[in-house]
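Which chain is which? They are A, B, C, D and E, in the order written, and residues in each are numbered from 1.
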Amino acid sequence: MSATETPAGVSAVAEQPTISIRGLSKSYDTPSGRKQVLEGIDLDVAPGSFVCIVGPSGAGKTTLLRCISGLMQPTEGAVYLEGELVDRPPAKLAVVFQDYSRSLMPWLTVISNTALPLRSQGMPKAERLERSRAALAAVGLAGNESRYPWQLSGGMQQRVAIARALAYQPDALVMDEPFASVDAQTRAELESLMLEVRKEFNMTVLFVTHDIDEAVYLGDEVAVLSGAPTRVRKLIRVDLGRDRSHLTTKSLPAFAKLRAEVLQLIQEARKEPQA
Amino acid sequence: MDVTAAGLPAAARITARGVRRRHWRPSRGVLLALRLGFIVLVLALWELGVDLGIIPRSAVAAPSQIALALGEVVPTTAFWTAIGLTLLTWGIGLGISVAVAVPLGIVFGIGTTAYLMFRNTIDFLRSIPPVALVPLALLLYGATINMAVALIVFGSVWPLLLQTMYGVHQIDPVARDVARSYRLTARSTFFSLILPSAAPFIATGFRISATISLLLGIGAQVIGGAPGIGVQLNVAEESNQIATVYAYILVAGALGMLINLGLQALERKVLKWHPSYR
Amino acid sequence: MASVLPLSVQSDPAPWRRALLEAIVPLVLIAAWWFTSAGSTALYFPALSRILDSFVQDWFSAAFVTDVLPTLGRLFIGLLISAVLGIGIGVVLGLLPVLSDIVAPVTEFFRAIPGVALLPAALLLFGIGPGMPIALIAYGTVWPILLNTIDGVRGIEPGVRDVAASYRIRFRERLFMIILPAASPQIMAGLRTALAIGVTVIVFAEMIGSTNGIGFQILQAQRSFAVPRMWAGIVFLGILGFVLNLLFWALESSVLRWHRNMRAVNR
Amino acid sequence: ACSTPSTPTTPTASKPGAVTDIAVSSSPSSGNASLYLPIQDGSYKAAGLNVTPQVLQNGAQAVPLLLNGQLQFAASDPLSALAAISQGTPISIVAAGAIVPTDASKDPNGAIVAADSTITSLKGLNGKTVAVNGLNGFAAVSMKAAIDAAGGDSSSIKWVEIPIPQMQTSVANHTVDAAVTTEPFITAAEAAGSGVKPLPGGGIATATGGLPQLVYLASDDYIAQHKDTVSAFVSAVNAAAKKLTGDPSLIRTVAKTSTTVSADVLDKMTLPAFGPLTLKAMTKLQSLAVKYHVLSGPVADLPKHVFTN
Amino acid sequence: MSATETPAGVSAVAEQPTISIRGLSKSYDTPSGRKQVLEGIDLDVAPGSFVCIVGPSGAGKTTLLRCISGLMQPTEGAVYLEGELVDRPPAKLAVVFQDYSRSLMPWLTVISNTALPLRSQGMPKAERLERSRAALAAVGLAGNESRYPWQLSGGMQQRVAIARALAYQPDALVMDEPFASVDAQTRAELESLMLEVRKEFNMTVLFVTHDIDEAVYLGDEVAVLSGAPTRVRKLIRVDLGRDRSHLTTKSLPAFAKLRAEVLQLIQEARKEPQA
């Protein structure tokens, strides 16, 4: 991972992209025939950049993330992580799943869930507990360490899943609607947290969201997907600088313009005939 | 807090009335009493059945007679030796079964290829009655504990193997993806995902196999003469002492009951995360 | 398919590959048995060829009608009874955990009663007709079904339970569209276990009061030291179990199709 | 190939003065009195034997134990023994236990019928359902022979297998019409309220009087290697049989400790008879076995497998 | 249910409230002791009114809804539906669960899932299929009837759960963050759908959301919950009339004021010490 600071929103073409998606297509086999979901997706994510993905429900965002994280093989095309073909889940990539409640192990306490990937890496107990505790505190769950996931509210479960990914400290982080179930205030705090974390660890982040404000506020780039079969309809560069804050950034005229542009694109996408 | 809007009664009074709970859970003491009550009820019906001649005395002894016979048998060392040997046989047999069945079941549950290769053989083997193998077991091991253990293993490996396999199939696909994407090591995947996922099924299988082991153990004693309460049972049977026969049967049943209640209590602890026990 | 553990569900292999995979181990074992036992004079380990001779003679003759068919009938009815009782009582006890806790000591007691104790009672109730082997088969096979049904029903996903309760799904739909499907993976595991136990119980069930049947013949062969015949009977039961499992597998894959497909998603 | 392991687990050579340990399977019935008496009166010890009886349910299960050396001798149904020998099992009959008396009034074997049954003789069993302990056992064959000797037709009867302890209930409930049983169950049948009664003239003495109804087996290997031990054992058993003959009180004394039959039943019941093993008796039994399809033909070299000093 | 139109946002004190919550408290027993979640909640929901509930993540919204829908018994206090004590799930109340993916039966197709409650009521097949189909079409899922839930995207699953509730046509509808996983455009459409449905069937709706805009836009009243142990911090009447539209309503100054008020209250709530 390069240590040089890339100007926000400028795809580092000279540099090797952290994530590179080339002509990716994916179709599902169903009893009623093949269902083409993704069709020829091309996308480059520069090291340390934060790319938000927005698109209609059912467009194929989750499918795309699953291909990127090596959980699924594309029908055509390929994904490269730091130049290497992704044909299995790569080591330094973490995922926050959309279906957070099922992604937590009900037999493990909150802290054990968070520490599980670290434990599997052989990290000493003290260290992994400390890291997990810090991650849980960061998402506002301090004090819930020894409870079980099914004793938590939906939003709390979702934050456990986020804490697990953060504690893992991956090079690349893939998040599927990670803030869907938290309240506005917590959400704003988590957004700030994401920006901080990204800066601190120079993480590359791929972030699916349905909240357009969030996409524009967080992203260096926003990829708007079309309706099925899905392509990248437009990749919008967000030139709002790297230091953002809820109060100032969101009141910038550029923010409002970008916001409107994304909204417009999504509305058009949804009007396209669905397959 | 008497906000009785629209003529509604005050809340305090309502809760006092007690509302239907979705799952009524008796306290431990109450449960114990109910259990004992049910046992007493069954014993009373049994006693009455025999006393009124509905159940012929010559076939089934009355609980009162059995109690008398038990009173004679229990103080003897032969009785306690027999129980000890029976439990020993059971423990070794079940232990081996678990050690064989759970790992194999997990392998077969995960991998299609392994399962396809062995499923026919397994379905063949598990349909072979252990009773029919008694002469072979006797020839190989004699009328010993080993013989009984061999029969137990042959009979109780299969239910556990199958249950484990089905349990592994139970893994939530999302949890499976978590394990893959965080690249959990084989060890972590095994202990933190596969085993807990399959645990409810394994627990059921464990209770099935535990009883089968006990039955096969006693069967091996009755038929094959391996040491244990089965032999005592034979002795009593040959001399037409029905009450004593039933005393031993009662003991066998009681052993099974205690073992399984113990296993259930253990299960409740280990699976406290599971919806059945939350 | 190279993850750390092959956790992803592997795709079903092509039919020919599948057939090959399924056949290879049995073929190897049969060959091994054939060659190691050839010319054997050991009393209890006759040559496989002698067993096969006996097999053909014993089962593909008049015995098919007088012994095999009656046994199959008893097995079928016995398993049917235990499935109905096991699932029926299992659902009730699964839905009423307190009741199942109360009766647990008594059921666990009866479950652990040795077969020798059952024979007098069975003889008393069913005499020496076909009722007795059927009852014994049912008794022997009901437990795995019962236990699995209870545990399966108890373990139903709370989310699903909440939907049933909040939409006031009436009992019929709750039973057939929620409880049974939700518990079906575990019930199927129980049925599968019960199937093989049913085959093994035949020998025990036809030990007393019977005058025909596969189990009866195996016991007679064993007692008269006709070892190849005894082995032929054992092999027959093994094959019977294998065939029944094939049939059961067809049933299971239709009942659990949703389950299999759901697991297979995202390969 | 899998071969029969014949690992002698007990001390082999019987050096003078040394004690040889011997395990014998038996059932705890009074028919085994000739096995138990020498234990009690010390004649085994005098002959240098230390005999430990082991309870086993049926003789068929004892055969593998004889073959693998865990047992030296085994009590067995004589027909089961003949069946084993006819299949080439390397075992021999070394001694007789209880013998069917020739005097029908002293026969401890017999049939029972329901208390309200109209069957009055063996002939009356024609066409009925009769329970036996083992379909191809000594009792069944003897009873078939007895019925045919009494002018009945044993082939018209439906024979079913029911364990002896369950016979009384089965007969009382009319599950079966009659059952072939033995003491102490016949005495028990005489008791009022048992729901069953002995069938008059229902014994087997007429057909198999003088034939052994219980025999002791040893493996051919063992006999060949330990001729002295076998002889010592057989002599002790035969001597005991002689002592027991005509001394009912001695039988009772032995049975009191070797079985769990209660003393008052022992006092009432018909006691077994004892006698030596003869080739003639075994040959006769063999021909009955062939006649009633227990054996498909005579046993080749039967004399070799009947051990007579 | 009364046929008279109640002025929006005016609690019909004269009339019997559809849902009436009295002194409701709820605590969970955990190994580390009792955890008080709700403490003395009082709330009346007039017939045909739309009440939105907002509050910090983990405050106890789901717990409250579970008590209202009779799935859980309160520790103290009681809930009445149309004057009757709720001591079991009432017949004419439908629930959309937060954990939608677990509330769909994986063994039933989408349409069977939707039609299941109707089937249980003994509705003839043709009718229940028609209703279900209409409901699925209303949430934008036409054409997916014969697929299984696990073949759908997260947002689609969530909409199946909504369609199930709508097809049931309950008198009272309780929804727990029902639009959390759908895109902005679909969300707006579903919001409009909710307002229509409410009007057409004069349904009483209790609606938990984390989206403050949504709460103000949809609700006749917005109940803001405090942090744990949770009470109703404030019940805000939304006087925006019954006919609302995204374009006009959201640009009203009153809307912005209400929005700011709610946000302010939530921020305060989150700052309270957590139990």
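Keep in mind that, in the parts below, a residue touches a chain if its C-beta (ideal position, glycine included) is under 8 Å from a C-beta of that chain, and two chains touch if they have at least 3 such contacts.
Chain by chain, the UniProt names read as follows: A, E = ABC transporter ATP-binding protein; B, C = ABC transporter permease.
Nothing here was measured: the structure is a model prediction, and the numbers come from that model.
> By label order, what chains touch subunit B (ABC transporter permease) and subunit D together?
Common contact partners of subunit B (ABC transporter permease) and subunit D, which must touch each of the two, are C.
> Using the touch definition from the top, what's the fewest steps needed to get from subunit A to subunit D?
When the steps are counted carefully, the minimum from subunit A to subunit D is 2.
> Suppose each chain is reduced to the average of its Cα coordinates; what separation in Å results between subunit D and subunit E?
So the centroids are 83 Å from each other.
> Averaged over CA atoms, how far is the centre of subunit B (ABC transporter permease) from the centre of subunit E? Could you give it in whole Å?
Here the centre of subunit E sits 46 Å away from the centre of subunit B (ABC transporter permease).
> Between subunit A and subunit E, what's the gap in Å when you average each chain's C-alpha atoms?
Averaging C-alpha atoms per chain gives centres 28 Å apart.
> Mind checking the centre-to-centre distance between subunit B (ABC transporter permease) and subunit C (ABC transporter permease)? Centres are C-alpha means, answer in whole Å.
Chain centroid spacing, subunit B (ABC transporter permease) to subunit C (ABC transporter permease), equals 18 Å.
> Spell out, as numbers or ranges, the residues of subunit D touching 2 or more other chains.
Each of 4, 60, 63-64, 67, 163, 165-166, 169, 173 in subunit D touches at least two other chains.
> Give the residues of subunit A touching no fewer than two other chains, as numbers and ranges.
Correct list: 66, 71, 88-89, 99, 102, 150.
> Residues of subunit B (ABC transporter permease) that contact two or more other chains, please.
Residues 22, 56, 59, 135-136, 139, 173, 177, 180, 183-185, 189, 193, 222, 237, 245, 274, 278 of subunit B (ABC transporter permease) touch two or more partner chains.
> Write out the stretch or stretches of subunit A touching subunit B (ABC transporter permease) in their complex.
On the subunit A side, the touching residues are 66, 69-71, 88-91, 93-95, 97, 99, 102-103, 105-108, 116-117, 119-121, 148, 150, 164, 168.
> Which residues of subunit B (ABC transporter permease) touch subunit C (ABC transporter permease) in the complex?
Counting only subunit B (ABC transporter permease), the residues touching subunit C (ABC transporter permease) are 22-26, 31, 34-35, 38-39, 42, 55-56, 59-60, 110-113, 116-121, 123-133, 135-136, 139, 155, 158-159, 162-163, 165-167, 169-171, 173, 176-177, 179-180, 183-186, 189-190, 193-194, 200-201, 203-205, 207-208, 211-212, 214-215, 218-219, 222, 230, 233, 237, 245-246, 249, 252-257, 259-261, 264, 274-276, 278.
> Show which residues of subunit E lie in contact with subunit A when the two form their complex.
Of all residues in subunit E, those touching subunit A are 28, 30, 32, 54-62, 98-99, 101-102, 143, 146-147, 151-156, 159, 176-177, 180-187, 210-212, 263, 266-267, 270, 274.
> What residues on subunit D touch subunit B (ABC transporter permease), complex-wise?
Touch list, subunit D to subunit B (ABC transporter permease): 4-5, 9, 25, 27-29, 54-57, 60-61, 63-65, 67-68, 70, 163, 165-166, 168-169, 172-173, 184-185, 188, 194-195, 259-261.
> Hey, which residues of subunit C (ABC transporter permease) end up touching subunit D in the complex?
Residues 36-40, 42-45, 119-120, 123-124, 127-128, 207-211, 220, 222-227.
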